[in-house]
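Got a structure for you, questions after.
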Amino acid sequence: MPTETLLELADLCSGYGSTPVLQGIDLSVQRGEIVAVIGRNGVGKTTMMRCLIGQLRAWSGSIRFKGNEISSRPPEVRAHLGFGYIPQGREVFPRMTVEENLRVGEMIGARTDAKLYDIVYEFFPILAERRQQKAGTMSGGQQQQLAIGRAMIGNPGLLLLDEPSEGIQPSIVQDITRVMQRVNRELGTTILFVEQNLDVILALAHRCYVMDKGRIVAERSAEELQDREVAKRDLQI
Amino acid sequence: MTAFVYQFLAFAYQVADVFAFLVLAAGGLAIIFGMMGIINMAHGEFITCGAYVTTALVRAGLPLPVGIVMGALFAGVLGIALERTIVRRFYNRPIDSLVVTWGVSLIATQGALLVLGSAWTSVGTPLGSIGFGDYSFALYRLVMLAVAIGVLVGLYLLFMKTRFGVHARATMQNPAMARALGVPTERIYAQTFGLGAALAGLAGGVYAPTLTLSPTMGTGFVVESFVTVVVGGADVLTGTAPASAVLAIIRAACTAAWGQVFGLIGLLVTVCIVIRVLPEGFSGWLMRRRA
Amino acid sequence: MTLRDIPVLFNGPQTLGRGKLFWLGVAAVIVAAAIYPQYAERFAISNTAYFGVWVFMALGLGLIWGYGGMLSFGQTAFFGLAGYAYGVIAINLGAAHSYPFLALICALAIGTAFAAVLGYFMIYGGINGVFVGIVTLSVTLAFATFMNQTAGPQWRIGRARLNGYNGMTRIPSLSIDWLDGHRIRFEGATFYYLVLGLLVVTYLALRVLVNSRFGNVLVGTRENPERVELLGYDVRRYQLGAFTIGGFLASLSGALYTAWGNFIVPASMALPAAAMPIIWVAVGGREDLTATLVGSFVVLYVFQALTVVSQEYALVAIGALLVVTVLIAPGGYVIWAVDMASRLRRRAGPSPPLSDPALKARTQRG
Amino acid sequence: MSMLRNLAIASAAGLMLGVSAAAALADDKPPLKIGLLEDHSGDIAIFTMPKVHGAHLAVDEINAAGGILGRKLEIIEYDPQFDNAKFQEFARRLIEKDGVQVIFGAATSASREAIRPIIDKDNALLFYAQQYEGGVCDGNMIGTGGVPEQQFSTLIPYMMEKYGKKVYVIAADYNFGQISTEWTRKLVTEAGGQILGAELIPLGVSQFGQTIQNIQKAKPDWLMTLVVGNAQSAFYEQAAAAGLHIPMGSSITIGLGFEHKRFKPPTMQGMHVVMNWFEEIDRPAAKAFVARWHAKYPNETYINDMGENEYSAIYMYKKLAEMAGSFDLDKIRAQIATGKACIDAPEGQICIDPKSQHASHQMTLLSVNADHSVKVEKVWPRVDPYWLGQIGCDLTKDDPKEQYTPSNLPSK
């Protein structure tokens, strides 16, 4: 395993309006890792993701990417630096075709010239099949694949996945999980995801942070997570 | 029989003429509205601006097409400047944006009156006319139609085939997500606003030779362009274009039958009906039917 | 209800200004306005009444836009319709007896009914946001265009020629016969007192209205329609109510304007005129009745003072004022000034000035 | 040419000299305030600015010559910017606040009708120095511009004789256009001609494709154009571009809108118009007037009929006040009733008709050539504003304050 720190959050605070949600998050992700952040509904997982991509301003604390402070950078700059964001609910562009959706993702990791259309189409054959279909007319699972493909086109250094399994059939969840493992293995892409689905967490995560009330309360290794009791307790904190 | 053919030709020419007017008058307004949900009340002033720049350059000795292009560019640059300084602060306050652009329009019109005086000499319509039976038509008005169609084709290519187009449509559909994927949405907004202003300037430049120039001339386009945008909805290609066609037929038919007054009233009645039946205009209706 | 409950009616979260000092100020202003004609010349009295005439329309727009969140560009349509209705009826009935007063009542009914119908079509037709502005503007322009082409001799209603672009002139002034046969003609200072009285009544009535459940639901709808609907209110009914009352007030302005100048033209509805109420309300402050009232008066006064010097510079200045207000003080300069004053006071003294929830909400949104 | 110029300079110099003596005398009395209510900006300002200039030129000359009845004139002016409500507001302000008794102003019929009730109510005097659709019978108004019987009953017979009896009319859709159309219809049918079509066009319309086709379809011998404003004047450009070559007649182009100076030749070719003043009028007094004007306003494109009429109106006021020996309106009207109120205006002699209080004029018919030079076709040395008197308006006896038209005659 490589040991270079890719992403590091220190005492990150943020929230909506005047209501604080994140109350000092500390975590770090090494290059090539798959890290999960787990926790109940409403503990601030999605808020943390939005803060990471920059849709939400950080009130205080730091976000370091490859050693550089980026917490004041706007979202598009973070994307150019190599953040591939797959939001909760997919948010594909409904009135654009699959191919056009993928083209939007080209801005991610702006410096890399090679865009990974072939690889994305290989990983997600359904996207190749439906290249000209309007994204809004596809099923939830297909849209999730498109959202992941869109974030991968620019070969990002870090994929941010927000609840990839939410609202999707179990069989497709398994497909997606397998693809994510391949992405990590074959492209060396680092992945940070938040999730509540234990199967996905167990199948994917190398390491895991447990979140509660806007703070990281525990850290678990892959081995510890195998203990279903520990995992269940963490999810229901 | 031939009389009927001429009659039909004459009507078709009128419809085409109104169609060109509506597309050119409304295109810029529709682009800005579709992209940002902003009604640009200073739209007429960009038209005026294009007309004055074109006329000034033609009088200075440049050929008309060059004058028109420069007029459009100048209006576009002004549009970007307006977007950067004022409009961008109002993206989440559409009603305030309407009010603020109205204020800008007041300043621009009255400022132009102060600076430019109230009317300028026109440069004269180029090209001649051709006759059919009893009728003769100005060839230049066919050029206007060509420009209008050219604008629609150009916009289609721009929005469907270029990277800017993909980014612009993504921004239109979900700005936050587009931004998170690296689309520089602020720049897209500025460019789109500039594009809308440039199209307004183009309309002004194209019509400049056929009109009497005055700082208030833009208002002559505003009612028609509002009507077209309301009927068409938020999208230029699936909204403004068909709306212009339908309104052109209604207006030409009413004008031919009962005179200019009813041509205008016909337009306004159509708006009221369309709003009641299709609150989001043609494009909104098409979008919902397809989705 | 006891005497003690009365202040509760006039005060509440939806209006700024409360407490003894504020109401003493209001009383002082009313008294000053009442004795003003004793000390002013004829032109000034008539001119002040003329400003007052417009303020009804501004207050109505404040209710629709500021409290209800719907930008109506069509207040001048109701204004014009009521003006024309007054003109047509008053000319046909003649100036005898209390006929002009009857004409006023009919004009108000016609203008208000039109507002209610238009409001019904829009609000129940699902039109909202900027589209309310465009629809009302289109209706206004359609009406103005129609009236512009009524120059021909065939356009007459009874004895009244509509006269197209030139408009109707020589419309009888407002007058009323008392029981003893004594006639009151509302001209000059009498008209001034009529406007003043109506303004006081309107202001107080609107304060009661916006601080009642109606006002709370309306403001709630502006902020978050879904939530208000979840609470079991039929949001559209309240919006329609506000729109109709706004239409009534615009009609009042229109009928009074016509009676004051004996004159109504289509241009008083067309685009430049239609935008004026928006300027008065936006610049003064749309989310508070007092701000709308004070702001409109000041803008009207300043604007007129400028037009006397130069019409063009006046319009440039008013445009600039609008842009600057929306940029710097989106809530309007009166509210901005109140806010600044209370901020200064907070720095100076211990009294917590932002305890007023309405003000607090405003500062956060600003 | 150089002789004319010398004459102009000499007369101007003479004026200056003769006057300075009298000027000293006038200084001790307070100046007489007169109101000037003309558009300085807005849609028709290019046509109304010459009125403003004409008024100032006349007042400067009169003041330099010692004023009226020993009092200098002071102009108080506002810019209503083509807004009829503003016309009302400023008319009130002029009378009630500034204390003027006489107002020169109003261009469109709409602005005149807006302020006339105010003038009447306060018993002030309005000089309406504007050619218009005629018919105002109001003791508080003096009209110094041309009226239909002066413009149409000269132009229409000429056009029908020269070009034919089939006529098409396009007119602005408001009172001026409507009433002028009525006049055209009346005079054409009385002379055995035929109106093939009369199209009324909303103000502000600037697209004339359909109108041009309608004219081509009707095939008239000539066209009467009564279009108004910047937007509508685009008709000429569009008609020329569409190849509509047809003789045209009008009561408002050239002399009022100087289209032959503003449009690119040969747009206005074939236009015929009758007016009491054109800058091109060849007469020593006219040439001297033009020279004085351009000396004061070198940037003026053209001195239109409104400008000359306004200039003459102020001199007419001077004449009337001097005849009456007073500024009192009743005394002035008593002088009008004598029928001897005449002045030598730049166009020639003009006199106020006692019955209608409108001015008689020398009328000139011009046609426009392909290069936009003009040709004087015919001159009528004196045409009286007879129509109002004919139909029963007699302001020496009765003051109905009405506007009559061929279809709206006095009831008795």
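Quick notes on this one:
Labels for the chains are A, B, C and D, by order of writing; each one numbers its residues from 1.
As a convention for this text, a contact is a pair of C-beta atoms (placed from the backbone, for glycine too) under 8 Å apart; a residue touches a chain by one contact, two chains touch by 3 or more.
Not measured: the values here are computed from a predicted model.
Excluding subunit D leaves the other chains joined by touching in one piece. Between subunit A and subunit D, the least number of touch steps comes to 2.
Between B-C and A-B, more C-beta contact pairs join the chains of B-C. Relative to the centroid of all protein Cα atoms, the closest per-chain Cα centroid is that of B. In this assembly, A is the chain whose CA centroid lies farthest from the centroid of subunit C. Centroids of subunit B and subunit C (each the mean of its C-alpha atoms) stand 34 Å apart.
With centres set at the average Cα position, the gap from subunit A to subunit C is 54 Å. Remark: subunit A and subunit B have CA centroids separated by 43 Å (rounded to whole angstrom). Averaged Cα coordinates give subunit B a centre that lies 38 Å from the centre of subunit D. The multi-chain contact residues of subunit A, meaning those touching 2 or more other chains, do not exist; every residue touches at most one other chain. Within subunit B, the positions touching two or more other chains are listed as 110, 113-114, 219, 261, 264. Across the assembly, subunit D contributes 41-42, 173, 200, 202 as residues in contact with two or more other chains. Every pair of chains that touch is listed here: A-B, B-C, B-D, C-D. Residues of subunit C touching subunit D in their complex: 41-44, 46-47, 50, 145, 148-149, 151-153, 163-167, 169-170, 261-263, 265, 267-268, 272-273, 304, 307-308, 310-312.
By the touch rule above, subunit B contacts subunit A in their complex via residues 163, 166-167, 169-170, 173-174, 176-185, 287, 290-291. Residues 41-46, 49, 173, 199-202, 204-207, 209-211, 213-214, 216-217, 219, 230-231, 233-234, 237-238, 240-244, 261-264, 267 of subunit D touch subunit B in their complex. Of all residues in subunit B, only 10, 13-14, 17-18, 21, 110, 113-114, 117-119, 121-125, 127-131, 134-138, 140-141, 209-214, 216-217, 219-220, 252, 255-256, 259-261, 263-264 touch subunit D in the complex they form. Listing the residues of subunit A that touch subunit B in their complex gives 53-55, 74-76, 78-80, 85, 87, 91, 93-96, 100-101, 103-108, 110, 134, 136-137, 150-151, 154.
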